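Shared between the two complexes below is chain A, which pairs with chain B and chain C, respectively.
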Partner chain A sequence: MEGVAMKLPSFKSLAPTAISVASTFSIRRSLSFARRSSSLSAATITADSEPVSLGHRARKDFRILHQEVNGSKLVYLDSAATSQKPAAVLEALQNYYEFYNSNVHRGIHYLSAKATDEFELARKKVARFINASDSREIVFTRNATEAINLVAYSWGLSNLKPGDEVILTVAEHHSCIVPWQIVSQKTGAVLKFVTLNEDEVPDIDMLREMISEKTKLVAVHHVSNVLASSLPIEEIVVWAHEVGAKVLVDACQSVPHMVVDVQKLNADFLVASSHKMCGPTGIGFLYGKSDLLLAMPPFLGGGEMISDVFLDHSTYAEPPSRFEAGTPAIGEAIALGAACDYLSDIGMPKIHEYEVELAKYLYETLASVPDVRIYGPRPSESVQRAALCSFNVEGLHPTDLATFLDQQHGVAIRSGHHCAQPLHRYLGVNASARASLYFYNTKEDVDSFIVALADTVSFFNSFK
Partner chain B sequence: MAASMSSSCYLSSLRLIPFNRTFFSSVNPPSKNLILRPIPSFLRTIVTFLKIPTVIVSPLSASSSPSSSVDLQPIEELPPKLQEIVKLFQSVQEPKAKYEQLLFYGKNLKPLDSRFKTRENKVEGCVSQVWVRAFFDEERNVVYEADSDSVLTKGLAALLVNGLSGRPVTEILRVTPDFAVLLGLQQSLTPSRNNGFLNMLKLMQKKALSLEVKAEEGTSESTTDEASVVEVDLESKPPSVVEVEESESVSNVVALGSRGMRIREKLEKELNPVELEVEDVSYQHAGHAAVRGSAGADGETHFNLRVVSDAFQGKSLVKRHRMVYDLLQEELQSGLHALSIVAKTPAEV
Partner chain C sequence: MNSSSLNVLVSPPLISTSTPTLKAFHRPNFSSKPSKRISCMHDPSINLNFGSKSNPKHDFPVSFATAFVEAPLGTTTTTTTSSDKLHLLVSEFRSLAEPIDRVKRLLSYATALAPLDDSARVPANRVTGCTTQVWLEIKVDELGRMRFKADSDSEISKGFCSCLIWILDGAKPEEVMGVRGEDLSEMNVGVHGKVQSRVNTWHNVLMSMQKRTKALVGDADVVHREGDRSAPHQHNLLFDYVNGRSYVESASKVHRDYSISVLPLGYDFTI
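This part shows the complex of A and B:
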């Protein structure tokens, strides 16, 4: 129960246990890690000459990770809910407000010009980050949810007719279900849902069969925030375009963790949130192909998105301005640009490579805990999982688990339905616990988590 | 009403709250004068802007030290069994041991029959599932049963069930969540969405009150009511029948807690209003230090009232407000901070 917060003594005695457990688990793994991380740029050599992993190096940039909660070292395993921000991003935000805060686009004076330049530069950075051909294809929104709503209300209301079909999966985040429900009610379009196959991933064959002449839109996740699976977006786009349907990709869990190339994917729309990719909250973006955006009517009305305003009517600006009504989150956009820079400096391929290893490690150690049921596919040669695991422990409510982990061990995980109620209903559970990693997590974090989990399970089991 | 504004009277009779919480829950009198009159010793001065508590409360300290109980509802006001539970938890120092104690309670909680796991009995705002059932025993004491799929929540539910079951309605309604602090379980007492404990207590109190109201109204015995509701079962109609009754008789504003209910009852009984609106706007003032710290403040500290009644005929605005304040004396002394009152006669509407 999230309302409960109990004060508990620090269990410093855990530390030695953690190390011994870690060494039994992971001797081989740490060696392979060492080999891999030595190939990373300029590794600092520690006293025992074991090369430092990306996680260890990156951690230095995140002051928030170096604290104690409830008497234990913080182990933050909730990056799928929101990521932590490196000092560079925080500086960029502070810098904006301290030195050149000013409203953008219409001003003449120096500060305004500078703010506008930085804001538009941020847009270019985002465009480059996802390899959009033109920065005008990036619309800044409040977050991915707003971006999806934008497409639903603007594109959806003017393009969907009664009987048209919109294809989703049962594993979608609520933000990619509810707007379509609203719009389909208004337009008479029909929603169809792809279910999971026996590997607990959305059934691609079923998706393919569902696509028909009636399909107007396929809106799916790239990487699932619960199942950790990914969908073959390129293929889906090919199938959809064959029948003239558009594809919207919810890339919230992919853009932060891997290279996402919108031209290669050839998606029509793509959305992501800044706060999951080391950027601040309050900003996200929609990528839309130019010709699509040009044909779309406005979403929100107000300043910035107009051309001329009369009393009885107005004319609208070109995209992206057309969809950016009102004063934007200027500082936040600039900080998002800084986040793109930060991630690019490390290199998305490196981040991805590191996380694939971490993901495997997490899955395997978690799976070795008795009575644990992890959702989603098993990792294999052909199947790469994202670095997160949603799971349940037999006979233990995830909320109890998360509470105890937090209170006794300082381990932060999430429990609940992760904004995916239909998925949980489909899996037959009320809620699940989820541990999610990012490139600033380390193997040691995973080890701490597993030790804490084992302790938690045995505590609650002693009451059965 | 000539206000006697002599300075001595002013100073001696006025006790203001020392922070900047002014004017919001003010009443709508056209004049903003301070209105004073010589006070009988048993009444406080009523300033038509603010209600003044008798004790200047300091913000509740974050630690769970029992000495801070001076700011909390006194333990003696709690039902006896709840007092025992609180004392037991206070005697257990080790936090992990407190957990164990909690789980122990949960384990020994009588299981709730699944037919009572209805929507009506479900506690809102819990990430886990919690159900609470309430009924009267032969002596019109409230008996509770509860269940949850989360063992920690079940433990908390068991605490409440053990502490409140078998007690009369009035005693139950007096309980505030303050005792959770005394337990040493560091609960967040803000009524946020995820605070299942607070919501559990609220639901239990709401159920107690509605049992009382239904019994008083002479509708069929609540025990048989509930039983018949459940027997007919799976059809959605019978539960909604009970719910309609409840909502008609108890309140027509959704989130009225126990104080809100009491206010409504009192005003209805004494003023026989043609129109009555009781609106809990405590959330607007949730940041105040006084609100956080005050005893009996189950978040219910500020209300907007709209009363249309013949009883106001021929009375000045101030007299009307005075009438309302007089009726709600008990509330005002137990944590109600301020009322914003609109008092009209039917002709004036």
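This part shows the complex of A and C:
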């Protein structure tokens, strides 16, 4: 139940909810939990003693969640595929097009200067979000997939030689497998894959042993979109750097859900997609250490990335422009900046804490349904799962399950291989169903899902 | 609800319950008969409790073994064309207003699907592009008709296959080639809207049937209306993740084929 009036939420630091009319044009480095006034009313202390969860409060900002599908209330449990966008992000995008849309970087006139300022400000916001030291280490791309391809074609083609090794895991997303296959075919480099251990997480010991003098790159996920496990990136980076190898971190499932500090991780490359972190589609970014980017040749050629163009040759711009050919997704970048602001306002630690709780609840309730097999590690003291569960129900195809859940209950989950076919093959299944949560989901969403799941299972059982 | 009335309700439109083979099929008079059959099939007392979550148990006796049988060899089915059967099936599904009833009907057809030998479950028989696994076995019988058998790990896909096989098993190659993907999208089972990816199973199985029919029978005899697709995609692992074998060694096994489409079925891409 979404209450409009609410008590002061029980944050760790009890900062009173300040009403601030957040200006989209100013940098807000808020350490307190200030909120946008457009979405929430003033904190009214009511007689109601139940603190409203983050999920309930955040839902108000997402109009899309308040609809019916097929006659039932929508329960959106597919945020690992794409997240929903809060009103603030949509406003930022609309604002851009309505008030200052203009091409960036070369214009002289007012609108162009404003668009450029906002675009570069968005770059700063992203840099700040992941604690990069310089915003020139952020290259805007179309999405994380393009970012990985950028590294593969630009860094990979010029740095990989026959016999060089690239270490991946069997649990990687296709976007962190296929580009390396293509590049290793061209360069003669060899791909090596870390398999899973008995806890159904990539075997870290095996990874450590695989790293050798021949290793040039370790490309791994931070959080798995199927197993919900996380890898100890800091340690992996240490091992890789010992042999002079670089590390690329696929942070698509981590940046939206927890604090990711690239300086702390010390990763060489890190990629993420905007659309999984409350930002629009069509934009993502690559973080690369300055010295690495400086040494990399261009990926795509065209305008913006050049310094001087002659008929027979061209000179190239400094990074990040070198890797941003053509007119960028300006509005989308600005909206991504707004998404970073929105998330920072709530506070990534707060979001993560809420999701850890939700993840546990999801896992426990799902595990209590008979004949359900959840993939990935069991949550424990030392193992925290992401707020998603890929699972299979004995004797029921995940696609049939997802179809029925959608049709009869309005519950949106994903079924298939989740762009991780090798992982599914390794686990010995063709497909799985996946329910994934974000901070705008609530325990009630999980409850609806479980009830719907039980109904689905018994429906299909009645045909056996 | 006794089972005899259910048999009337759920058996496919043109097979009477007393004679299970297609021999008993009579060419329908489209103007009057389908509506009569539709009213027979649509029993208002079917348990429509699906909306209420309080009663998830559905006692739905499944006894459709007599419903679908392969046309026995030697049976002439010249009076029935695949096109007729397709139209009848479409009418049948259209008569079911509630999506859940369509799913139920499809699932009941799934149970009636003739079993596929394990020996037929080979990669060459895999229908590519489906989100579920579908195997399709196809041969030509001595009368020159196409014979199909199929199976899937998904019940809904099995239902699709069952319908397609009912339409096309025992058909002449030209009939097989004449079925269009758009006709199937009218079935609208289990999903909503015109543009759906779930229906791709229909499309992919039909494509596979047509492609392999053409290959078996030869281009000269067959009118192909759907457009050409290349050989089935070889689903080769491009790497071996057991230690030792390198990626480069496996590279030669890469089969360049781009025959899968993830674009939505039935969508009009013309400008």
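Just so we're on the same page, the second predicted complex is superposed on the first by the 416 of 464 C-alpha atoms of A that agree within 3 Å, B and C clash if a C-alpha of one lies under 4 Å from a C-alpha of the other, contacts with A are read in each partner's own complex, and residues count from 1 in each chain.
Please note the rule applied: contacts are C-beta pairs under 8 Å (C-beta built on N, C-alpha and C of every residue); 3 or more make two chains touch, one makes a residue touch a chain.
Just so you know, these numbers come straight off a predicted model, no measurement behind them.
Undergrad: I want to verify the contact counts: of chain B and chain C, which reaches more residues of chain A?
TA: Of chain B and chain C, more residues of chain A lie in contact with C.
Undergrad: Who does A:F463 touch here: chain B (first), chain C (second), both, or neither?
TA: Both: A:F463 reaches chain B and chain C.
Undergrad: Using the superposition on chain A described above, determine whether A:V170 touches chain B (first), chain C (second), both, or neither.
TA: second
Undergrad: In the overlaid three-chain picture, which partner chain does A:D371 touch, first (chain B) or second (chain C), both, or neither?
TA: Neither partner.
Undergrad: Applying the touch criterion given at the start, work out whether A:D400 contacts chain B, chain C, both or neither, answering first, second, both or neither.
TA: Both partners, chain B and chain C.
Undergrad: Please indicate which partner A:T195 is in contact with in the superposed arrangement: first for chain B, second for chain C, both, or neither.
TA: second
Undergrad: Common interface residues of chain A with chain B and chain C?
TA: Touching chain B and chain C on chain A: residues 396-397, 399-400, 403-404, 407-408, 415-416, 430-431, 459-460, 463.
Undergrad: Would you pull the chain C residues touching chain A in the complex into a rising list?
TA: For this pair, the touching residues of chain C are 50-51, 53, 56-60, 62, 99-100, 103, 107-108, 110-111, 131-133, 152-157, 190-192, 198, 237-239, 241, 243, 246-248, 251.
Undergrad: How about chain A: which of its residues touch chain C in the complex?
TA: Contact set of chain A toward chain C: 70-71, 170, 181, 184-185, 188, 190-193, 195, 396-397, 399-400, 403-404, 407-408, 415-416, 422, 425-426, 430-431, 451-452, 454-455, 458-460, 462-463.
Undergrad: Enumerate the contact residues on chain A facing chain B in the complex.
TA: Within the complex, chain A contacts chain B at residues 1-9, 396-397, 399-400, 403-404, 407-408, 415-416, 430-431, 459-460, 463.
Undergrad: Could you list, by residue number, the parts of chain B that touch chain A in their complex?
TA: Going by the criterion above, the answer is residues 64, 94-96, 98-100, 103-104, 107, 126-129, 149-153, 156, 184-188, 192, 194-198.
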